[in-house]
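Read from first to last, the chains carry the letters A, B, C, D and E; within each, the first residue is number 1.
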Amino acid sequence: MLEVKDLGISFGGLKAVQNFNLTLPSAGLYGLIGPNGAGKTTVFNLLTGIYQPQTGSLSLNGKNLLGCKPHEVTAAGIARTFQNIRLFPNLSILDNVRLAGQIRIRPKLVSTFLRTNGYREQEAALKAQAMDLLEIFDLQDRAEDLAQNLSYGHQRRLEIIRALATKPSVLLLDEPAAGLNPQEKLALAQSIRQIRDRFEVAILLIEHDMQLVMDICERIVVLDHGVTICEGTPQTVQNDEKVIAAYLGAIADDA
Amino acid sequence: MSASDVLIEPTSHGVNILKSAAPILVGIALAVGIQFLLPSTVGPYYSRLVIDAGIAMILAVSLNIVNGMTGQFSIGHAGFMTIGAYTAGSITFYSSLLIWGTAAKHGSFLGSGEWMFVIACLCGGITASIAGFVVGLPSLRLRGDYLAIVTLGFGEILRVLLQQTGKVVDNAEIVRNAPLTTFATVPVGGAIGFDGIPKYTTLFWVYAFLAITVIFAYRLKRSSFGRAMLSVREDEIAAQAMGINTSRQKLLAFITAAFFAGVGGGLLAHESGVIISPKDAGFQRSFDYVIMTVLGGRGSITGVMLAAILLSGLPEVLRDFERYRIIIYAALLIFMMLSRPQGLFGIHEIWDFFPRSWKTLPWKKSPREEAQ
Amino acid sequence: MLDIENLSVSYGSIRALRGISLKVEPGEIVTLIGGNGAGKSTTLRTISGLLSPQEGQILFEGKPIASKSPHAIAANRLIHVPEGRGIFANLTVEENLRLGAYCRKDTHEIRQDYEHALELFPRVKERLWQLAGTLSGGEQQMVAIARALLARPKLLMLDEPSLGLAPQIVQLIFQVIRKINAGGTTILLVEQNANLALQVAHRAYVLEVGKIEMSGPAAELANSDDIRKAYLGGH
Amino acid sequence: MADFLQTLMTALAIGSLYALIALGYTMVYGVLKFINFAHSDIVVLGAWLSYSFAIRALPLVGLDAHNPATPPPIWMTAGIFVAVLLLCSLAGFLIERLAYRPLRRAPRLNVLITAIGVSLLLQNVGQLDFVFGASPQKMPALLPNWELPIQFGQGESIRYVVLPLIDCIIFAVSGLLMLALELLIFRTKFGTALRAVSFNTDFAALMGIPVDRAISLTFMLGSALAGAAGFLYVLKFPSMNQPAHSVWVLLGLKAFVAAVVGGIGNIRGAVLGGFIIAFVEQFGAYYISSNYRDVYVFSLLILILLIKPTGLLGSPVREKV
Amino acid sequence: MPTCFATSDSESCIPLTRDKTPTRLTKRTISLRQFLRLSKVVGIFLVAATSLMSLGCQSRVASTDEIVIGHFGSITGSEATFGISTDRGIQLAIEEVNAAGGVNGKKVRLITYDDKGDPREAGSAVTRLVTRDQVTAVLGEVASGLSLAAAPICQENGVPMISPSSTNPKVTQVGDMIYRVCFIDPFQGSVCAKFARENDKIKATKAAILCDQTAPYSVGLQEEFEKAFTAGGGTIVSKQAYQAGDQDFSAQLTSIRASEPEVIFIPGYYTDVGNIALQARKLGLKVPMLGGDGWDSAKLGQIAGDALNGCYYSNHYSHEDPSPRVQNFIKLYQGKYQETPDGLAALGYDAARILFTAMKTAPSLSGKDIAAELAKTTGFEGVTGVISMDANRNPVKPAVILEMKDGTPRYVATIAPGE
């Protein structure tokens, strides 16, 4: 369970996020929406240690994560994808995934050089895990290709796989559907649900596609100018006047 | 789910000699072969060039760990080399004086003198890696060109400091009886350089160390460490988000690279016809190695080795051109860079270029399978 | 106005476009839709000169432009707003806008266009002195379009203008696209959001793996079953 | 007191020279994001061209080129200056065109290597007998040898602090050039275009900015600055090292350090850095020990970067995630 | 990444390439074509290199009716003038001996290799000379640091090496194959110190030193001077350092000025001394300056002009020396190179001639025999004085003191060893 209390940060004079509260139960699927520049990505950055919060507290399964470095946060069990795809373009797809998995091993330099049996085991296990994941998402055939050679949609998928490879208990997805066409978005919605069920992770999702968000999220948090203006079930949010004014606009259910 | 309960722990240790140690043993065997076959076939001059190429490869391959694999930009590699050289040199020089009363070579192939030399080289590597740690620290805060200029500054500072060192004390009696304070001036020769170091470096030792360096670099690159380093090169923020401790990886890269550079320096210090001098720490020498790594290709070990051979041999090949030598060298350098902007092998290793059928020969495993 | 014949483009060994032909008539909004990696952006980049075609011809107002450099093409008022907006983060919003009119010398009219563009986007007007890199995604998209308008484009090419924008802003952008078109500017629109694109466009092309799969009046395509299934998330 | 003032004065003059060279580095870096290692060689080119012109031009008006007491008429000095600027920018243009432009798409590190290659090439060509030769030369005096001695103390302990004309000129010229550059970059359309190019060449091209031409121009400007620096440098230090002397590279390096200390890519930073470096160097050498001059410079560099990783005036580059 | 979203970070996105040259490679599926292209580049390169090499090698085939000697020196790089001057002196001597019928009927041929002033290069150049080109003897280097790097190779291979001008004592200590034709630093240092203490115009008790800390020569000479000067009752009031090539000496000179010395000892190279003198005079430092053989070049006068008036340096020879062997050499040299020879050219010339003399009298051209003959050198009449080798293979020869007057060095005194 991810618990966030009164999280806040400002850049210069700009209060990017203020008093952000969230309780994300295990295996929950929540949405985070809001206009551009509302501070959604900033929330992710705060949760993952890329920015250090100036106020508030943050804990995962009771473990305090405040002040942790990004890699420590990941080790503690929060994984994310990026709004602008950030794969390792010159590494193979397999390596991209393996790399994320190796947070769960503690390699030694000496055994790496000597290639001890233990080292071989570790590496083999790592590779097997990575291949399993790729197989689940149907990318096993391209394991050897460089990540930069994937099409956009596949890159998005690979980012999610890579995040899952860290064996997280919370998965943060930043606009996973951006740049997908409506048909692909449907497929994505499907797989997000499956991921949640199969990997038993809690998911927090940033997305501008309302259809998708309303469709799959159990609860939704709406940010505007760094402030939470509404929180609740899709129905509540959809009918909230503040949300309509600030975000959805008059013709919300069009598109 | 917490981190610890999914930790993959190795269940068995030990080394499968056939699979794991064979390359190292083969490398050392090759080194023995070179040592005994090469000088008699090509003569001392070309043997010397082969030694020089070997040392250049050690340095370039090690620099490649920092510049090519981790994507940090160090132009102070010659500084680490020089630290290794001076450390190793002082150890053999002064211990020889103390033990045998003279700094001349002691013992023959694999004799006691050579073992002292090997230990000295390793000590040189260790001292250099300590320096690597210190110089690596700024890399945690600095990026790209800023880091480059700091590493360059490190080399220059080292050069000036070495110029201020004291004269070499080459009399065994004085060394034995001198109070420790004589050593406060750091008697390693000052501007004139450290002369009189026993010349132990042979083809065997250079290529044995090279084999170890290359195998280490290769295994590093294909291991979790290597992938972590590559990820730092590719995208630092994403790497952090994947749980990579980027600071640690950068420092590790600096430390290991500096270690091998230090060993290379040790070899250099004991090469005949070489006087290590403060100039060696300067930026010009560092440039040489940076050029090798870039020309070889980012992170490509074999590419960098080839580049090191080409670039260390080229000035010798062109020696007959006297005053036009460096002009031709520079022109060729520019030409090579323009014709292969991604480096000789790009991000690949040499065997990636072989036709597939070669790689499936029964005795040659593809790197892919090897990793399994 | 724009005439593309049998265009092929490769990235190294990867063939991104395999002989596509398309046409844009003056005053039209033409949209190009298709899945990920279909080659839509590649098409636009080739037209604006950022990529050079392997074969095929691009005629703009009857003149071949395929071998020209991007700045010469832009000077012909064929303006491309790239995917990801292509704003200069290190410049202020105002400087970004001014760069839009880089090729123009008619100071007085630039002034007018400037005012006009700011009228279209009041949000941008409030932010003239801000560094463009600190704007939110929607605002950046507005700046990008406003900047393109300052070049007085004859043909405006927009690459996924709705990408990553909040629904409200998407609506706004599409309204503006209509307005610009009504003002006489021809538009070539690349969109993933096929529903919306087909609503504003007069004609549409469907691109799949480097080939034109289908083309026709937008309304017709919007009603075609195949299209609905493949792109509109229809049932 | 006199010594302090003297050191201060020298620091100012040397600082201006560093600043001038640093401006060229910063400018090219600002646009292309790479360290133009051949920049110091353009400074050398400027210096040696000044010498070659002067040694040939002075006899034309009946002067002895080796006599420092007889400077040529001012128009000749100006003529030489302009000619040097033109030739240096031509050299800059050619270098960019032939050695850097083909690598526009390659990683910057590769361009750095070609830059090192170009630098080596220039040095060793310059050293040939029929080019500039390998011996040091004495630059003819092109300016009157005026200096202002300021007297300190009385009788026995009388001391002079001298303020030479050339120092004032160097100071003024680098100040002016900095201002001009600042105006060019921040107040003109071309400057805006340059900044756009520096951010992303493709986007800039889409604006109709002729990217290649803009970059060529940058190089020509930067090289002209280097030429000016070379010219002024040898007027101040008339004993010229031969073109391949490693000390020229060190000079370039220190100027680059100045640019970095000030925040590379930042015009005012380059000037500030130039002065700081010169001050540390001069005062360190005077008050501490002249043995460690370079140590002061590079330690200062490391120190400043550790405190402010992007230099004193450099804007922190926060990557938006 | 086909798309480019990043707005604030232009590097992280793959550029919208104007992709004329395909750069995209797929891992492990590199085609034969690419492999060939790569091989082509490497191939062209290797072919070019080897053909260049063989081009250069053609003339190198040793024949029995000639004697090949090697010279390694800094023909390029910061110290290029040193190497070039020496090389010219050697060439002159070779022309002379060949014109006179060669050494015992064999023509002498010279192979010169550049070492860029870099000790490592010196090592490989000499290895090449000694083991590949199989030269009979080696001449070089000017700078002591480089001679020290190369000397062990000559020693090991039994090839005699004569350094024309390395003055550091360590050089000939390497072994019995290593000789030189110049005096050594302790001698030169004491000559300078003595002169500074005793010359009527100086009579200094307080001296300042400004030393080139990058040049072993300079550092060595400084030490010897300091030793001799303090032993003679003087004090060193200020010790400053610079790096070869520095342009600005004001900090050091200001500091020296404050210490009020009566003489400034500058054991540097003429390339820097001119500049130092100019700046010293500007700062109002009027005391005489004193230096070593590093000052000797016609360029010094040109650079410093009258700034050096009243300054002295010790040297190997004076071109004012009326003796015919000196004047003859100067005439020859001027005829060939249109410039006055500096000390290095004279030393190069002498080194070559001493070698030829030894070769002529040696029983065979083996290294041992030549070396033995060299060791016996006594009373050799060189341009740079009468040379006799002592037991340490260092010549016993006088130094001359020159005074700068309006840009030209004028003979003042000759100081013989032991005086």
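Everything below uses one rule, namely that a contact is a pair of C-beta atoms (placed from the backbone, for glycine too) under 8 Å apart; a residue touches a chain by one contact, two chains touch by 3 or more.
This is a predicted model, so every value here is computed, not measured.
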item: Farthest-lying chain, centroid of Cα atoms versus that of chain A; value: E
item: Result of counting contacting C-beta pairs for A-C and A-B, higher pair; value: A-B
item: Chain separated most widely from chain C, comparing mean CA positions; value: E
item: Centroid spacing, where centroids are CA-atom means, of chain D and chain E in whole angstrom; value: 31
item: Centroid spacing, where centroids are CA-atom means, of chain C and chain D in whole angstrom; value: 45
item: Cα-centroid distance, chain B relative to chain C, in whole angstrom; value: 52
item: Residues of chain C whose C-beta touches two or more other chains; value: 14, 37, 49-50, 70, 82, 86-87, 89, 133, 163-164
item: Per-residue overlap in chain B, given as positions that touch at least 2 other chains; value: 163-164, 235, 237, 323, 326, 341-342, 347, 368
item: Multi-partner residues of chain E (at least 2 other chains); value: 2-3, 5-8, 10, 12-13, 16-19, 23-28, 76, 213
item: Chain B residues touching chain E - in the complex, by the definition given at the top; value: 43-46, 48-49, 52, 163-164, 190-193, 195, 199, 235, 271-275, 277-280, 306, 310, 313-323, 325-326, 328, 332, 335-336, 339-342, 344-348, 352-355, 368
item: For the chain D and chain E complex, residues of the former touching the latter; value: 3, 6-7, 10, 14, 66, 68, 105, 124, 127, 134-138, 147, 159-160, 162, 164, 199-202, 233, 237-239, 241-242, 244-248, 250-251, 281-283, 285-286, 289-291, 293-294, 319-320
item: In the complex, chain E residues that touch chain B; value: 12, 23, 25, 27-28, 30, 32, 34-35, 38, 41-42, 45, 48-50, 52-53, 55-57, 60, 75-76, 112-114, 116, 118-128, 131-132, 144-145, 148-150, 152-153, 156-157, 168, 170, 213-216, 218-220
item: Chain C contact footprint on chain A (complex, rising order); value: 34-38, 83, 149, 151-154, 175, 178-186, 208, 210, 247-249, 251-252, 255
item: Chain B partner contacts - residues on chain A that touch it in the complex; value: 48-50, 61, 63, 69-71, 74-77, 79-80, 82, 86-91, 95, 98-100, 102-107, 109, 111-127, 144, 162, 166-169, 200
